[in-house]
Amino acid sequence: MKETVIIEKAEVKLKNPILIEGLPGLGTVGKIVTRHLKRQMKAEKLADLYSPHFAYYVLVNRDGDVRLLRNEFYYWKNEEGEYDFILLTGDTQAQTIEGQYEVANKILEYAERKGVKLIITVGGFRTDVKDEPKVIAVSTNPKILRRAIEAGAVNGPSGNPIVGIAGLLLGLARLKGNIDALCLLGETRGYMPDHKAAKSVLKVIAKMLNIEVNLSELDREIEKSEMILKRMQKIEEQRAIAMHKIRKKDEERVTYIS
Amino acid sequence: MKETVIIEKAEVKLKNPILIEGLPGLGTVGKIVTRHLKRQMKAEKLADLYSPHFAYYVLVNRDGDVRLLRNEFYYWKNEEGEYDFILLTGDTQAQTIEGQYEVANKILEYAERKGVKLIITVGGFRTDVKDEPKVIAVSTNPKILRRAIEAGAVNGPSGNPIVGIAGLLLGLARLKGNIDALCLLGETRGYMPDHKAAKSVLKVIAKMLNIEVNLSELDREIEKSEMILKRMQKIEEQRAIAMHKIRKKDEERVTYIS
Amino acid sequence: MKETVIIEKAEVKLKNPILIEGLPGLGTVGKIVTRHLKRQMKAEKLADLYSPHFAYYVLVNRDGDVRLLRNEFYYWKNEEGEYDFILLTGDTQAQTIEGQYEVANKILEYAERKGVKLIITVGGFRTDVKDEPKVIAVSTNPKILRRAIEAGAVNGPSGNPIVGIAGLLLGLARLKGNIDALCLLGETRGYMPDHKAAKSVLKVIAKMLNIEVNLSELDREIEKSEMILKRMQKIEEQRAIAMHKIRKKDEERVTYIS
Amino acid sequence: MKETVIIEKAEVKLKNPILIEGLPGLGTVGKIVTRHLKRQMKAEKLADLYSPHFAYYVLVNRDGDVRLLRNEFYYWKNEEGEYDFILLTGDTQAQTIEGQYEVANKILEYAERKGVKLIITVGGFRTDVKDEPKVIAVSTNPKILRRAIEAGAVNGPSGNPIVGIAGLLLGLARLKGNIDALCLLGETRGYMPDHKAAKSVLKVIAKMLNIEVNLSELDREIEKSEMILKRMQKIEEQRAIAMHKIRKKDEERVTYIS
């Protein structure tokens, strides 16, 4: 393996497939979205991507088996709809600059070969989220951007960078000019897996592509996360109070001495 | 995109073109210079350069559109003069050692193909500028160096390195030996975009190449920067005074104790 | 040397060879195991591997001679048994991500050429070892995993990464699918060469492959290490007691002041 | 320039040339030695080496001219002796692992082409030098090692690494097997250009190769360095005394408070 390779696992003919990418990144938003769609849609393995630009370790699974880090393509035949789906998820992104460009190129080439006309990349957008996380949309095609906004997404601040594969796929697709691409970024604080942000993105995708996605599983995860968060905040507050007391005592002592 | 590519956007025949390079760098001097020339001359897009050695993110613009980091070539047909112009500006420089050499090589090859006989690179020279920032000139050709000095530039200290594309273009041009190159470095403190340094460089360029450049727009930017600077200095002074008081109080206390 | 090369030093025909890899890594477990086997089996040099991805220094030996960093293959003809052995040991692992993949690929290609059907990689597993270090087994083939467990190894926690060559050889072998691979990780604290962990691994290998390995030499090393460890612990305890006294004194003084 | 290139500047036929390498490194020992030989022997330019693995900046010289970082080969026809000389000096060494191997390979290939049968690399050996710095010798050929020791060098401690080009040239020469190589390391503290260490190495080279080298110029530099060193030591002592007084005063105060 001298360069990134994609090994196909199933020979299927897909109908105007839409590729949805969600790899590890800020708040794990992208990966949660694609993992959820995969389970919901009972998507099946299409291909594996391996790269010498991934970190040099292997993962052990429950049976004592082992495998290289990889990205995975799953497909889902949407019998009633106009288009089938390809989901791209996985363990990691490339670890070097040149590797990021190489992997993104290989994914685009493969998408082209499979007849993909639209790529949707999913990620997180770091901000101090208050209530419902918004979904920022960016696209290489104004019409698709409009459709995303009609489905609940919003325009993001300009000048902002989109880092990693979620960004590069758009940039390279635009350069090549034969595949449209849309990026959906769920607002997130980013410091733990953010199922709430993922839910917001999934709502936009479901509405925009006219598919049904059951979100109740995500709700359970959101509840869990919020409980953890509350506990962490309580600990943080107590620490702050303790620190305040110590500091006051210090000041008193200093005043006494001087 | 396995390596740096230049994609031509306009097919134009240029008359003895001079290439002026100004990419992001110290004090943003180079980029301010080429951006200003582009606006003033109403220069038009000639080509885009993309590289897998640029950082792996994309930029979002106002319309929710997105693009890869790039360098841009603009051209300007100088009907009355002896030579036309190519301006090279952009978002970034290559992020790795080997990438810097590769991008510089591609630019040189393209310049050769377009018949360029002189390359002028622009950058900043870090120093504690007092009044008017001077312009340091360095060249692969003593005659061109003399012309720059006659136009107001000065000789710089020897042994000094010129880092990045502004330097490599000269070094590689000298090695190849078929294109002359001149580097103009505006003196700058380097910690914010320095329109004053850019203005000094533009004056030298205008005089040397016998072109007219309106600098009033830059003057507005210089005023703005100076106001910001004054405000920052005031804050800095107040902080210093406060620190001084605290330290004095500390010393009094120490004296008292010991 | 533009890429990793393997230079064969002996032309031998090996009978169903098993390749045992042990290169420098956590607790030096792998290297101790292969070095011990090499001495015990009086294995002979088969080939050297050099790579431009190894650190850029050379090593000086006793005679004032010098050599590049390398990995070494040794072979051992096991006349009575069903299979011969190849041992892979050496000075270092590749220093870059891409280098790790390249070296692992070259080793696999060479193993294939020599007719290897099973690769055993050896490493350390960081944990707070209490009594006897356990040996964690992971394999690309459930049957071989079972044999390792019957020989005394245990199943490891899933989700765990195996870093470096010991992991990549399994991952790449599984991808190619024509060579079985087993990884044996001896539990170790990892902060010094751990002969005890190596001994545990050697016991599993000896039982599993039905070969005799004299371990008395290792016992001497284990004794030495334990003496060093006890001395270090005593020093650590004394330091802790001293620190405790100082802190108590500090607290008394603070109480007095405030 | 996609890879390291050597551009020949003079077409000369050399008689059994010996290549002496001294590039920037510990204590600048190697570079001082080759620069001194170049001046003494009035050696002339033979070739330049450029590499995309050198740092990405250019150097400005006194005339406002500019050039890429490079390594330089000089030759010296030793009419009376049995062999001519090639000196290798320059601005820098490669900045990446792979670059170090590539540059060393190119130098070896060039040496082969020029008929070189012996390479001598020069560097520094970090130690706490007391009186006269010793010269450590290491060689790919025991006969040459003996000659170096007869000329005043000593055997070094085994297991020691020789980092960078001075080491890699030996390691790669030994691997190829057609050029002998010797490394001479002058003992140095390493924190400033060490003319004393360079002088020791030059003495060994002169005696071993039976050439005359005037060392008086170096003596002046050694005197200068020693004066600087003494001044630095005095400053250091005064600082230590001042610190001691402050600490004592602190202790008195603490005793008083508690």
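For reference, chains read A, B, C and D in written order, and residue numbers begin at 1 within each chain.
The rule is short, and it goes like this: contacts are C-beta pairs under 8 Å (C-beta built on N, C-alpha and C of every residue); 3 or more make two chains touch, one makes a residue touch a chain.
What you see is a predicted model, and the numbers here were worked out from it, not measured in a lab.
**Student:** To the nearest 5 degrees, please report the angle of the rotation taking chain C's Cα atoms onto chain D.
**Tutor:** An angle of 90 degrees brings one copy onto the other.
**Student:** Could you classify the chain A-chain B contact as same or different, where same means more than half of all interface residue numbers appear on both copies?
**Tutor:** Mostly different residues form this interface, as fewer than half of the numbers used are common to both chains.
**Student:** Which chain maximises the distance between its CA centroid and that of chain D?
**Tutor:** A
**Student:** Between chain A and chain C, tell me the centre distance in angstrom, where each centre is the average of that chain's C-alpha atoms.
**Tutor:** 37
**Student:** Taking the mean of the C-alpha atoms as each chain's centre, how many Å separate chain B from chain C?
**Tutor:** Here the centre of chain C sits 52 Å away from the centre of chain B.
**Student:** Out of chain C, which residues touch more than one other chain, so two or more?
**Tutor:** In chain C, the residues touching two or more other chains are 257.
**Student:** Show me, using the given definition of touch, all chain pairs that touch one another.
**Tutor:** Those chain pairs which touch are A-B, A-C, B-D, C-D.
**Student:** Using the touch definition up top, name the residues of chain B that touch chain A in the complex.
**Tutor:** 1-2, 7, 50, 52-69, 95-96, 99, 249, 252-253, 256-257
**Student:** For the complex, give me every residue of chain A touching chain B.
**Tutor:** 97-98, 100-102, 105, 137-140, 142, 145, 155-164, 167-168, 170-172, 174-175, 183, 257-258
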